[in-house]
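Here is the structure we will look at.
In this document, chain identifiers A, B, C and D correspond to the written order of the chains, with residue numbering beginning at 1 in each.
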Amino acid sequence: MHTETIEAQGHLIDSHLLEAVFDKVIEHGAKFEIVKFQIGRTNEEFSHLVMKVHAPEAAVMEELLEELLALGCHRLEQTDALVRPCDADGCAPEDFYSTTNHRTEVRHNGKWITVQRQRMDSAIVVHDGQAACVKLRDLRAGDKVVCGAGGLRVLPDFKERERSGFAFMSSEVSSERRVELAAGRVAELLRGVRAENKRAVVVAGPVVVHTGAADKLAALVREGYVGALLAGNALAVHDAELALFGTSLGMHLERGVMAEHGHRNHMRAINLVRRAGGIRAAVETGLLKQGILYECVRRGVPFVLAGSIRDDGPMPETVTDMLQAQNLYAEHLRDAALILCLGTMLHSIGTANMVPSWIPLVAVDINPAVVTKIADRGSSQTIGLVTDVGLFLHLLHTMLK
Amino acid sequence: MHTETIEAQGHLIDSHLLEAVFDKVIEHGAKFEIVKFQIGRTNEEFSHLVMKVHAPEAAVMEELLEELLALGCHRLEQTDALVRPCDADGCAPEDFYSTTNHRTEVRHNGKWITVQRQRMDSAIVVHDGQAACVKLRDLRAGDKVVCGAGGLRVLPDFKERERSGFAFMSSEVSSERRVELAAGRVAELLRGVRAENKRAVVVAGPVVVHTGAADKLAALVREGYVGALLAGNALAVHDAELALFGTSLGMHLERGVMAEHGHRNHMRAINLVRRAGGIRAAVETGLLKQGILYECVRRGVPFVLAGSIRDDGPMPETVTDMLQAQNLYAEHLRDAALILCLGTMLHSIGTANMVPSWIPLVAVDINPAVVTKIADRGSSQTIGLVTDVGLFLHLLHTMLK
Amino acid sequence: MHTETIEAQGHLIDSHLLEAVFDKVIEHGAKFEIVKFQIGRTNEEFSHLVMKVHAPEAAVMEELLEELLALGCHRLEQTDALVRPCDADGCAPEDFYSTTNHRTEVRHNGKWITVQRQRMDSAIVVHDGQAACVKLRDLRAGDKVVCGAGGLRVLPDFKERERSGFAFMSSEVSSERRVELAAGRVAELLRGVRAENKRAVVVAGPVVVHTGAADKLAALVREGYVGALLAGNALAVHDAELALFGTSLGMHLERGVMAEHGHRNHMRAINLVRRAGGIRAAVETGLLKQGILYECVRRGVPFVLAGSIRDDGPMPETVTDMLQAQNLYAEHLRDAALILCLGTMLHSIGTANMVPSWIPLVAVDINPAVVTKIADRGSSQTIGLVTDVGLFLHLLHTMLK
Amino acid sequence: MHTETIEAQGHLIDSHLLEAVFDKVIEHGAKFEIVKFQIGRTNEEFSHLVMKVHAPEAAVMEELLEELLALGCHRLEQTDALVRPCDADGCAPEDFYSTTNHRTEVRHNGKWITVQRQRMDSAIVVHDGQAACVKLRDLRAGDKVVCGAGGLRVLPDFKERERSGFAFMSSEVSSERRVELAAGRVAELLRGVRAENKRAVVVAGPVVVHTGAADKLAALVREGYVGALLAGNALAVHDAELALFGTSLGMHLERGVMAEHGHRNHMRAINLVRRAGGIRAAVETGLLKQGILYECVRRGVPFVLAGSIRDDGPMPETVTDMLQAQNLYAEHLRDAALILCLGTMLHSIGTANMVPSWIPLVAVDINPAVVTKIADRGSSQTIGLVTDVGLFLHLLHTMLK
């Protein structure tokens, strides 16, 4: 039997942390013994746990310790993190520590330092007394990468019990909820972000256009609520189709009848924008006179259009290389104060992967499976709303007036 | 080979009738030969088909003729319908003709008479020169029931091409549509029905309350847009819970936090209404001061609450016998000019089964499978909207102002 | 400020109990102070909590205490439960205690007695030194009903960590899971139940027939795995349609083409069974020669067919009064050792409402929303599987061989 | 009033063509007058339509004619197609004809020539007596592009009535169907394709791995049923995770418990494969010993992994540029005899966009919305199955034995 003593400090009862700790130990065929558990006597006080873990093998213990790290537990005994150099570009040592999206600290030269650019599924590179998340593909030979579970501390986020509006919203995914309350709360957040000159990032799919809410999202951009727009080629295509022909998927949004050119309007829109030299050029030459991207161009709101295997065109501004697109997304997300995901699973999950757990993210989709999947980032700062994206944007815009 | 000559008249190209006719013939291993097909030269003109059908066996031919009836085809040769007496209460002769929901005529004593109380899945009883749909369980020994496919004409409904608003709405089920247009059209229909002193029947599930739209449906009742309300026990329970405690499923709808008594408020609401002697009594004694059913009672709008296997309570007004509940539903649907189904599969399908195909029915649900299932009644008068029921009612109410 | 001291004992960390306790206190605007918390030092040991709660008003405190009861907390000071007589049939005193589905004890004459026939949403009647759950409508004037939250103890169920097969299955609802493992576990449970001569109750919707698995469920009945079948009228109708005509919803299940009589076969099946005098009679006369209900009749497996507002017919055995249908369901569920719900939200929720939390219930449906709703009974004994009901039954039957 | 005479020939009643023709005319505010309609007298005979269309404006007429083309109608008067040179790379003349996925012919120098590489949303370039579909981005200045609707004939595909197995499968999307029949038909198709040395292309998402069917798809590859595999980075990641660690999303597929390293196993798998130099290298060095891609490498079955914004890693073989990925997909789809899409909306829609309507495509997904969307390519050769992907592959593999 191998034994280790671990400790954890924080709001351990909340967010199922303590329960998850016990589950992990049992799942590994290990046993636990509580040495000390001091519960926070009030809602504000931290709890403190010291626990012995007995595992049948050293390898299992090593794995278990790594798992427990993500739940806020670390070895009682403090040692520096193990650091190994990369032996080749683009990949890490075999036992590299793969990050979560929670605040992480590394012990290096006897000091705890906070990891920069926290995101999930990265390696941690230590350099010059600093530590930062680096994706596997960005590692370079010689980079010093944190390996194993020692010398690390992870601080999972805690439920904020007092913010009742949020408490409501963060509860389980369901279409049987009053959307107005949530929309009201999102409006409040957006107003706060704008007032503080922070950045709200909107991640949007073409369903925003199909459901007739393009003018509402355009208004949010025009009125200064959107700090950056992350989307795909399709949003730009359908936004341009609507601006140029008044149709979406060939349907006249104002009259509800199928359009003259049916589904082909989107190809004509792509062709016209390509001929103009791109979206920005099309705004400048006066071809595009309205729409979501028109407002972005006019107001100087940055946008990134990521390509995909199902794209038509694409629009000239579409970034067709995914590594570059991910880098651009990540850049605009860096100091986001709020992320609002509207009707797109692909781009929303891509976005959720890039940001630390403490940035609030609101995901709106009519399909509960999509909302569940996005909410899976395991953060109490993620709010899922199962509702009609078009009607939600209408309501939100009304509430922002 | 058995051969029959059939004819059909009407807008045969529309609504896939002609295609379906050919499919049926082929599926039965039969063959067809067009004797004459005169196509309507304009959108208004009828088409006229005369066709020979060759089937391998008499039984197959008989079956095929019955199937073709529902598609508007009948034997060229006109004979009276075969009528047999029931030999026992509650069941029909083995070869009874089972109705569709389309307009049907029976040839009796050399005259074509229109079937009364048209609905699907019934027998047709001929009596005193009249014909009417009668459910199996309502047949009495001696009733003269139409058997086989002879002497019958069915007139499937045709697509109304000119009503573009409707054309839009009746297109395929999808959440990627602009709901505002549809809501606007429903508002227009409701206004028209009220102006003409006709009856719009609302079929509603408890999700109307959970999504925070109880006050909007209550307002529709108060403002005279609702001619009758068909629902289940649960709607009444949650409406009363909201009226008495401000909660729905234990959630404070105004504040978004879980209520003091959690999920148990609905049991307290049931108990209080039972103690009062029922919903009507609770309105009269002043216990209930608001809500959907409060407005129904105050305005004299009839309501039927059908019981189900999952009911709590039930509320005193709930009709727990299903045969009686079906009869009451059917009675209030008799001269409905519009049916609006909100967030309930069970009661909506029950309702759709009871009404002829020509009564317009709008089904709103966030789950596309529900909308698809209701729309399955095979009528161009059925419109499915995949959207958030709560937000839809808000929008509808705003548009009715 | 009003203050009470409460205690709880058990696996408090598991199943989020402790977290939920803290949440409830904060949501009520109350505060807590931990007097003592002794954590179970190993997986087997209980934890023990003593906590002071400060609430701003007496009414809030009373409500909070009732809420905390459901989470396993009770007043430290032991008093008898308050018991009031009913003043009228069919309803309880206003402050009656509404039950959960967890094991509950009542303190009466200084002794703790276990409540019989535990189910949710009932009153507790004390009589002759015994206590039992009684539905509101079954209360009679003079019955002594437990009121308030005093003198009650609730024992929420705990996660069974060692049963790893189950642990897997009870995790969150998702279609992205390996169904074979779960099917294997269900097969194991069914075999165990049969070997011990206990009763597995199957709750089934007509989708079992539509997806081509009627013969598999029939085989389970024939082979003695099914102790009772709870369903609706539609299951019997489609089972008979298949047995008599080889079709389901008018589709030939063996050949995959639409049947001769299309959707009308179900009406012919109903009529034939009604003419025969019912399902049992139809088996005896040889009209029905196969199917799920045929096997039930042959093997003497009891079945209950509950009516609903959307029924055709109904079949003679269908119980059209919902109060009676609920009583019959409850009777057959009384000593169930396992409940298997297959493709029906209505009957599954009805069933889940009737049984205590400690009876294992497996819910299988292709729609995640249905599985989520059934799993909502808040029991670690509920397992949801999002998969194809037809393919699941095939797999299950293969595994039982 | 502008008037044109158009004609159409073929199975016009089938697939709603004639109905759609009339709808289009009315939607444009135009009128029609049937000059001649000769219906096919038997199932085999073509119908022949000559119709006058009256439109209020020349522009409307031009648009209408283009719309009618896609429905198989063309001007009675035969003229050469209008051809204009591109004035710049990567975009077409403004009035370019945007293709459908149906067989198309262009009249050039008085001869009708068939368009090569037919796919939707392309331009048609005429060169050297040949015509071919070319995507906008692949156009070069000077390319001669077909413009307007003249000199074009489109031949929509017709329903094959005799193939009853297919008829069943191509009917509406529903989870209430017997999957075995469809699986049997797919098995038959796969066997036929293999026997004739043709190419079946499988498009697969990671849910194949999560639902425990990786070994079944691997077996299909090994047994020669798969001609090419089109997927994304995630399939390769989870396939490698399973091969290396026995887990999928951190869940032990054999034991059903969460894995030692939880969700991080997928990052370790990526890192190991990257260190090995890629999937092919990992098979050669013996790191990868099983799995879907292992079998592809061993058997020489080509695979394309398209990147996306949500990728981790990526795997070295992942094609991160979308234009290149689309080109590779299209190349492997060129002479596909069958396409089988398993649990991925993104790649399935990408694929469906690239192929002509006459290549059979089977789409399997547990989410009906996904199946509906893929089936939207408007081809009677598309079959949607709403079922559990894992269980479907099991069944399919059993049927192929």
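Going forward, contacts are C-beta pairs under 8 Å (C-beta built on N, C-alpha and C of every residue); 3 or more make two chains touch, one makes a residue touch a chain.
Source: prediction; values computed, not measured.
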| item | value |
| --- | --- |
| A-B or B-D - the one linked by more C-beta pairs in contact | A-B |
| Farthest chain relative to chain D (centres taken as mean CA coordinates) | C |
| Chain centre separation in whole Å, for chain D relative to chain B (CA means) | 38 |
| Approximate Å spacing (C-alpha centroids) for the pair chain A, chain B | 45 |
| Junction residues of chain D, two or more chains touched | 27, 164, 167, 175, 257, 367, 369 |
| Chain A-touching residues of chain B, taken from the complex the two chains share | 164-165, 167-169, 175-182, 207, 210-212, 248-249, 251, 253, 255-257, 366-367, 386-388, 390-392, 394-395 |
| Residues of chain B that touch chain D when the two form their complex | 13-16, 18-19, 22-23, 25-27, 31-34, 37, 39-43, 161-162, 164, 167, 174-175, 368-369, 372 |
| Chain D-touching residues of chain A, taken from the complex the two chains share | 24, 27-28, 60, 63-64, 66-67, 70, 88, 90-92, 94, 96, 98, 121, 136-137, 232, 257-258, 260-262, 264, 267-268, 270-272, 274-275, 306-314, 320-323, 325-326, 329, 346-347, 349-350, 353, 367, 369 |
